[in-house]
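Okay, so chain A shows up in both of these, paired with chain B first and chain C after.
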Partner chain A sequence: MRSLIRAAWRSFEMSTRLRVVSPWAYLNWLVFPVIFAAIGLFVLTSSGYARVAYGVLGGGVIGFWSVTYLDGGNSIQEERWNGTLEQIFAVPTPLVVIVIGKILGSLLLGLLAFIPTVGLAYFGFHAVLPALDPLRFAVSLGVLSFSFFIIAVALTPLFAISRSAFTVLNGLELGVYGLCGFMFPVSQLPQWLQPISYALSPTWATRALYASATPSASGDIAGWWLASIGLSALYLVVSVALYRFVEVRARVSGELALA
Partner chain B sequence: MPSDPPFRHAIEVADLRKVYTTTRGTFRRTKVENVALAGIDLAIAPGELFGLLGPNGAGKTTTVKVLTTLLLPTSGTARVLGHDVVSATGDVRRRIGFVFGGERGLYWRLSGYDNLRYFADLYRIPPQVSKRRIGELLEVLGLAGREHDKVEGYSRGMKQRLHLARGLLNDPDVLFLDEPTIGLDPVGARDLRVLIRGLADHGKTIFLTTHYMFEADAICDRVAVIKKGRIVAEGTPSSIKQLVGDIGVVEFEVDTISQEDIERLQGLDTVSSVVVTERELALVVTIHCAQPAEVMTQLGRLLDGIAFRRVSAREATLEDAYVELIGEAS
Partner chain C sequence: MTQSLAAFARSTWLQYVALFQWATPLGYFAYKVVLPVTQIVFFVQLGVFATGPGNALYFALGNSLQLTANSGIFGVIATVSNERQYGTLPLLLGSPANRLLTFMSRSFVNVLDGIVSVVFGLVVTAILYGLDLRTANLPLLGLCIVVISITTAGLGLLFGSLGLVMRDSIIVANVVYYGLLILCGINFPVSRLPDALQVVAYSLPLTRGVMAAREAVAGAAFGQVAGLLAGELLVGAVYAGLGYALFRLLEGWARRGGLQEAY
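Moving on, here comes the complex of A and B:
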């Protein structure tokens, strides 16, 4: 067990170091979130205080999600380009342990996205969240992190099975912005789309996060936390089967290498 | 640690087949099957340095990937140290190392030491053991002193030695080397060959693929020649040469030679093949034939008016035997 923890830690360390020296990583946690936050703040600061949380936090949540989910997948694609994907696949450490380390690194980097976006909100738009409940906010952020972490851990191995899976999975990143209510409430979506939103764990965690920062918000925040955690647990169970599938599929197709 | 099942051969392969299924066409897609391995059998003794030779696309890398658990065979069986590569992947992975040729396969933006430490942890080697082993490997492979430099600053030879260090981190009983000297300068390649031979002399089973025949001839205990997914010959380098024992080689250098002249040479009864290669400013014509002396006497008559730079006859090398075998198998 200790050797597995050490392997996960080293994977976390390596992935973080590779991100820090990569100029592209800064796009995801610094540049893109600021652009989203700026758009959100322009639109939402004029629409009343109830929506300000979306403006102040929306860009950060988008950045957080992008880095956590996409960097995990990117790192698998980079391993393929480096020619190291086959090597990490054929070690005695299970792939899931290596992926957990990588995603923890992405999660940490993703949290940094809140710094520029909240900074932009405060200094650029004088938008503040005076009614923020620190305890509820912290728990909600923890639940949101957990939901992002589980989704990323579950979906990242799919990047390994096919060189073209990346294109499809990239699309999911954008869909989640809208479906999970990062920049506007899910209630604004068409009725037929809302059930999909409610089946996604970040929807509930995001709702709890924004509610804990909004004075007029009402609702069962604890219930939303539980809904998010429950859905995440369900994803975790499904991901066990997914990892088995990926292991077999990658060994059949031989697509771990570039050619 | 689980014990190994009883085994006579370090690597044992029986009727191994690998078929890749791809699609062809844009709108009307049809499935296409590419046979990479068409049923091969191999048995490699513990401590043996075995070479698998063949042209590009013959199935060398596919064989290595099946044996290193990276690919699932379509049918047949493959065992490494008695463990099935399909059902006992964990046991196989713990006991093997593998090195693929070329510069890729390393984290260039990190140091050589960081690369090794990362893989040591992924191989679940205790820290005190890995620290000692990394130090020893850096020393033996001539990387000591440069281990904290980024890999992107390494020469190709250094990168290949770092690959080998990574492959040896877990002190594997079986080491797979897929064209390890590809792209290396002659001195670097020779040094690596000496290292590989040394590892076999210390009891490691080594499975080497290459298309450098002199390399296989120099270091391998036994070789097999693979062509289009089938083993076409197997034995010691000497026995492979004896397969074409009645074949000799006549070689000559010329400035130029026409297609008609080559066809005239090929038309001789005793000639089995004629190969023309460029070497510096000359063309080297290599004739594989049954009676070299007779062919040499006929050269002047057949190629009247051609200025020969050098003409010689010699015994067949492993490369000559390989050319014959690959030609026959096509």
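Moving on, here comes the complex of A and C:
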């Protein structure tokens, strides 16, 4: 067990060091969130400040998500481009341990996205969260982080076995923002899309996050936390099977670098 | 002359093929269909949440028009950065090919691709949000789409030149593409920006072209938007000219410093 923790820690440490010098990481945690926050704040404050919480937090949530799953997932793609993906599969340490270390690093970096976006809201638009319940907010953020972490861990095998998985998910990026209610409630979506939203764990955590920062919000926040955690657990179960499949397939096909 | 045109046409076609060398059919579909649709839907729903359903078309139309930047910015910048990534930049710089033709062919295919992207966006807008073009001045709208596709590619050429000396110029493409969403009146009027940013907005392509296109959809005559289109073309020409000058400047710099092979 200690050796696995050490391996995950080294993976975390190495990937964090690489991110510090990677311009892509700065694009994801700093530039993108600020751009989306700016658009959100301009649009959402055009008719008053009633919906401003979505502008204050929306860019940060988008940045957090992008760094966690895109940066975390893409780190596997980069291993392929750097010719080190086979070594990662061949070492005695399970793939999932290495992936957990990488994604914990991106999770930590992703949280930074809230700093510039909240700063932009405050200094650029004089906008603050209307009614923050610190305890509920902290728990909601924790649940959101957990849901992002599990999704990133679950998706990574897809990045490993398919070169186009990243492209496809990248194409869906803005759709995910909408489906998970990162910048507006999912009730804004067409009725037929809402069931998809409810099957996504970040939807519930994001709903709880906004409810804990909005004065008039009502609802079962604890139930939303549980829904998010439950869905995340379900993803985890599916991902275990996916990891086993990928590890076997990579060895059998021998096409890891070409996938 | 015929040989030059043939080289231009060949180069243009190969640019496009090379641009999507990474893509499987599914990846190409995600990039060219899913991404535009989700962009339009996301910003329309955001706008409807903020301002009510009456403004859905404002957001849908703005984002449909901005889709040309997907080709004009990403496409044009990627053509140079891909040359570097795949090690063919030294061959390009070492070839005796006419630099102006090489430079312009990099944008031409993306202008065509940009026009197709906008038309696709308008079809999506018509299907999802009931865009009614029966009262629109369609020839003028078509002209606006062509003009913004050319001018946006002009901006792309300027930043694409950075790919001669910069490893991650595609990052610049991301910043410029999404920056245009803030500055060019895509999701809210330029007048809502602070004064300094309004100056930046009017010095960028798209801003006037999008205004003109919105007017064309409302049925305006050519004379009503001629000034906007002339301004848009002027801005695009300035960026293309600056881009070509920068391309030649950085080409020399890259050659002297061996930067074209630095990766």
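As a convention for this text, the second predicted complex is superposed on the first by the 246 of 259 C-alpha atoms of A that agree within 3 Å, B and C clash if a C-alpha of one lies under 4 Å from a C-alpha of the other, contacts with A are read in each partner's own complex, and residues count from 1 in each chain.
Going forward, contacts are C-beta pairs under 8 Å (C-beta built on N, C-alpha and C of every residue); 3 or more make two chains touch, one makes a residue touch a chain.
This structure is a prediction, so every number in the text was calculated from the model and none was measured.
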Partners on chain A (chain B, chain C) - clash or fit: fit
Partner chain(s) touched by A:168 [first = chain B, second = chain C, both, neither]: second
A:244 touches, of chain B and chain C: first, second, both or neither? neither
Chain B, chain C and vertex chain A (Cα centres) - angle in steps of 10°: 80
Chain B and chain C, minimum CA distance [Å, superposed model]: 9
Touching both chain B and chain C, residues of chain A: none
Chain C - residues contacting chain A, complex: 22-24, 26-27, 29-31, 33-35, 38-39, 41-43, 45-52, 168, 171, 174-175, 178-179, 181-182, 187-188, 192-193
Complex contacts: residues of chain A adjacent to chain C: 23-24, 27, 31-32, 35-36, 38-40, 42-44, 46-47, 51, 54, 163-164, 167-168, 170-175, 177-178, 183-185, 188-189
Chain A - residues contacting chain B, complex: 3-4, 6-7, 9-11, 14, 17-18, 21-22, 82-84, 86-93, 98, 248, 251-254, 256
Chain A-facing residues of chain B, complex: 20, 62, 65, 68-72, 90, 93-94, 98, 100, 102, 104-110, 114, 117-119, 121-124, 126-127, 166
